[in-house]
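Below, each structure is written out as structure tokens.
Below are two complexes that have chain A in common, paired first with chain B and then with chain C.
For the complex of A and B:
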């Protein structure tokens, strides 16, 4: 059994930040990096499936497209229990959008031939919700998006999953595997790595490969891109909130006053 | 390629509101884009919705009969691919919904379309441009789709108004697409999740808490505060994911949509999915330590202050 988990090292903005000169990106000096929250759940799902199968040679492979910051995210996947990791990068991938990233991931999966592919529903920085389903599209692989429960009969090649719809509705459905699932937060309780595991993770294989090494030329990746960002700007706030200034007791007093007015009115 | 194709959305025999919001979005760029505005609906009983989709500005309703009772991602993918082939639109709009997440990016990937998801504004200069959030909605990105003859956008629900019916009739056309054997999942059942002890959609005053409360052990304190305040306690998703609170208390896209007279948000930053469930509250008051938190974009009153200090004061004042 081989499960591939596609993860992303996400960027959060510092409170103060500057844009790049072209206005279409953020100066990386003002970004903080972390493993995408959704991916901690998809990784956990993969580890639980592998551990309950308990077979010789079963493995969980964490893969990502990203620059050097992404290495840390892969190391944390390894520390939590992934068996090996693959990072795809060269400079031509800077600024790649969801479709371009999916195209690159597809090339990795063609090489790996997994039984199951897990992705997070979305990343907390780009919030596209698109990479996993686009990846399934490139691979022509059956998929379900936004999964909150997963029951996989690996030997029988079927999975029963819950798809989380709007407003608290769940669809229960069956899918044949190999398949790709995008995993929603809350599906499990992601583990933390022990200090010992973090140390041991340094010995686990982490492969760096270029798109070229996967047989992808730069033109193919660029052709896959769905969009180009031409400008970034702070959102228009509309009228915006009236800010309550002062100390906590002044704020509390105003809140009680506003609630009183609105509930009476 | 010219004109706009809108893909309507239905669920369990009902048209979803986003369908007519997409028509409004399409109308904003219909004139500069040129060509026709067609609305397509896919489903076992697609023709039933043709009348509901005859909104102002729509030139034609396209119905596609599907061999499955409910939405199936692979069937919808094939149907949309085929519609794009036959209708040759320059722009395709679908909702940024759970259903779309299962097939729209795959359509864009396979056909090499221009693509953006969760779009909040659309404009047209020489070609389509779209706006969407970046860095968790703390910035907005303007996107172009250079070199793309057709662009597929999934549009955030609740942004555009619901289009009203057309004065006259709108022609409907049935488009035959072979969808037999395309499904790759099998529907088992729908389950209504999260029936609970309380119906937060009925509450006039919601005290809503999020990640900012930091610890499960703090929950009784907020339950107590809500009771003193005469409020019903609701929560954002992370507290349900962590197993601290039942899903019946969850406000947001995957939880409940609420419209209380007062929504007091403590320690909720305001992810898009949360805002979707509470932005129509009459009065929104938000307390958060992050001045850039998106919740301040929809709040009427805001305070950038440590929520526990405010809670201390509220407790004393309400004693």
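For the complex of A and C:
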């Protein structure tokens, strides 16, 4: 059994930040990096499947496309129990969008031939929610998005998954595997790595490979890309905001007044 | 980050007589247990605040003569050249950081028992102190008045020599000048008694003489309780309170305004369970609002919120933000506001542990939020600076995120240990504070006196501050909801393991009074509870509740308040002379008694339970066990002994070979898991271990500088040599 988990090292903004001179990115001095929250759940799901199968040679492989800071995220996956990790990078991937990243990940998966692919529903920084779905497209795999429950019959090649629909309905689907699932937060309780596991993770295999090494040329990646970020900007502050100062009583009185005005209006 | 212009007003200088206060942050006089006998502690504690941005810091009350001797409580003293020399250390330290130094000249009258000097205090009338036990003053004739006023003048001249910038003639808290002013103390019929002018004469003359002596060089201040809170029998703000400010306005450069007296000074140093931020405003706020003064006014009210500070100044309540407790909890409060580091502010929780040690008489001050308070000199601890640990390559596992564990992990993080994991079994970090902060009650109703019942909610600040700090530390990971077994700890991979697993209440009535369980006590039954079970609400609580209070601090009475506030009929039983003895020291007792009375709680002191049966508690009088009493009850709360949860530590420690095999080099036990204690001491214990994690034997506290007199010729070096750790404070 081989499960591949595609993860992303996401950036969080400091309270105050500055944009790069070209306006298309945030100055990295103001960013803090961490593993995408959704990916901690998809990794946990993969680890639980592997651990309950308990077979020789079963493995969980964490993969990512990213610069050096992404290694830390992969190391944390290894510390929590992933067996090995792969990072794909060269300079040509700078600024790659979700579709381009999916194209690169597809090349890794073609090499790895996994039995199951898990992604997070979305990443907290770019919030496209499209990498996993695009990846399934490239691989021509069945895919289910926003999975909240997962039973996998690896030997039988089927999985039963739940999705939460609007209004409290749960959709139950049965699918063929290999398949790609995007995992929702809350599906499990992600484990954390002990200090020993963190130390041992330093010895686990972490492969760095370029698109070239996967047989992908730059043109193929560029052809896959659907968009390019031209500018980032803070939202313009609307006129509707009113800052309430003063004592708790004064603020409460003003809130009652405002609600009253709006209700009347 | 640059200062938000909204707070600029707090950083504007203001003139106080001949001196310029560089900003509006002012540490009003408050006790620390240093006095003039521990000059290092005095200098470095006040100096820490100057470093943290306070524009002025004052001594505690400073006795002007052996006739005003407060032993066993610790005041400063400026009796002679030796005191000048010792207090100069403080003024030098303050001046290094550009802060002004204030001294609060004090003559206590009958409130000073003179137990060391054996002198006889003098007073306006021969009425025994309402604060001390059985201390009468000697009636002051004109010669006595002249003599005492000369004591003020001589002390002021010595204070100037010691380098003080602001010199107080202190009359608040019902000390001598106020005793003349108030008809509660003053029954004289001469020119110092009777009319307002006569009663104000002593204070006015004293101010005049001190001003004549040192007023050209030093700012003259007076601390004045604008309202004694005793009604028409004493000073009221709307009457003689405002009148006195007007009457002496020409003689002062600064008014430091308070309320109340020393007998119930919890009305001034209001505990958070009864008083909210800026609680003195209805009284002290009247002075400027009513245009009774042309001089700058400083006042207090445990203000920790920068927006409240701005509002106080903009609204014209005060010109200067005074603080005692907030400056102890965070000596760097001004700097943090200036730098926009609001979430780094360690807010005072209003527990009054600082005050308790002064009330006990002798021990140095402590602070629940700031474990370094009072330790600046003797241990070289700095609240903001932490030198990297010599063994910082080691990784640490801290088990249990209560007060001790949180503090220890935070300090170790700041000391740059390579990795610190803080692992907590509960879903949230905070330990006992999470349920303790839900005790008391807060129905918002006015008490029988000033203030209202507010509960212990502000104590949650202990958790909030540490949670934010832990979040910011990149080398610290916090994992809640994870209970580790002994085996998991062994295999965790930490080189240093710190067990901070807290304690639990005895379920069988084991207690400090009888050293035995109580027959029939069993908190596993659905009608008997330990205090934590009262909050967890897992058990239904009946109408008639008996709370057995053997703990002597806040626990039993806070449970009683909570349940009575929720409508239960509560009986509070203690073997002691008084419920919650320690709350006398924290100044919470008077308001507590008013509140328990309001809530209809029945109190039985000197009473202990003999046995508990369904529906009835059998009690006896501790002085006559044959004298029995029965209480019919539906529910019993056993606030008896606490027992350390140290099983994990004992198991780990038992197998030394295994510890070694797993690479665990250090194993330590802190906080309640070591021995149940007050939160302030748990925080200290965690902090202490973090500060000394790289000492030869971290489980053994290092020696600290003892400022006792060394026989023969000595230098400051002799004292510094007593310190065995690397100081984070630059000591000289």
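Here, the second predicted complex is superposed on the first by the 239 of 265 C-alpha atoms of A that agree within 3 Å, B and C clash if a C-alpha of one lies under 4 Å from a C-alpha of the other, contacts with A are read in each partner's own complex, and residues count from 1 in each chain.
Keep in mind that, in the parts below, contacts are C-beta pairs under 8 Å (C-beta built on N, C-alpha and C of every residue); 3 or more make two chains touch, one makes a residue touch a chain.
Note that the structure is predicted; figures quoted are calculated from it, not measured.
Trainee: Touching A:197, do we find chain B (first), chain C (second), both, or neither?
Mentor: So A:197 only meets chain C here.
Trainee: Using the touch definition from the top, say if A:176 reaches chain B (first), chain C (second), both or neither.
Mentor: first
Trainee: Once the shared chain is lined up, is A:43 touching chain B (first), chain C (second), both, or neither of them?
Mentor: Once the two structures are laid over each other on A, A:43 reaches no partner at all.
Trainee: Which partner does A:78 reach: the first (chain B), the second (chain C), both, or neither?
Mentor: It touches nothing on chain B or chain C.
Trainee: Quick check for you: in the superposed arrangement, does A:5 touch first (chain B), second (chain C), both or neither?
Mentor: A:5: touches no partner chain.
Trainee: Have a look and say if chain B or chain C is in touch with more residues of chain A.
Mentor: B
Trainee: Which partner does A:165 contact after superposing on A: first (chain B), second (chain C), both, neither?
Mentor: Only chain B; A:165 stays clear of chain C.
Trainee: So chain A touches chain B in one structure and chain C in the other; where do those two contact lists coincide?
Mentor: 189, 245
Trainee: Provide the residue numbers of chain B that touch chain A in the complex, in ascending order.
Mentor: Touch list, chain B to chain A: 11, 70, 73-74, 77, 96-99, 101-110, 112-118, 129-130, 133-146, 148, 184-194, 204-205, 229-230, 237-238, 240-243, 247, 250, 253-257, 261-262, 264, 272, 282-287, 290-292, 294, 296-297, 299-306, 309-310, 312-314, 317-318.
Trainee: Give the list of chain A residues in touch with chain B in this complex.
Mentor: Touching chain B: residues 11-13, 15, 24, 26, 98-99, 102-103, 121, 124-138, 142-146, 160, 162-176, 182, 184-186, 189, 223-224, 226-238, 240-245, 248-249, 251-256, 258-259, 262-263 of chain A.
Trainee: If we count contacts the way the header does, which residues on chain A are in touch with chain C in the complex?
Mentor: 16, 189, 192, 194-200, 245-247
Trainee: So in the complex, the part of chain C that touches chain A is made up of which residues?
Mentor: 1, 307, 311, 395, 397, 419, 421, 477, 479, 481-482, 488, 491-494
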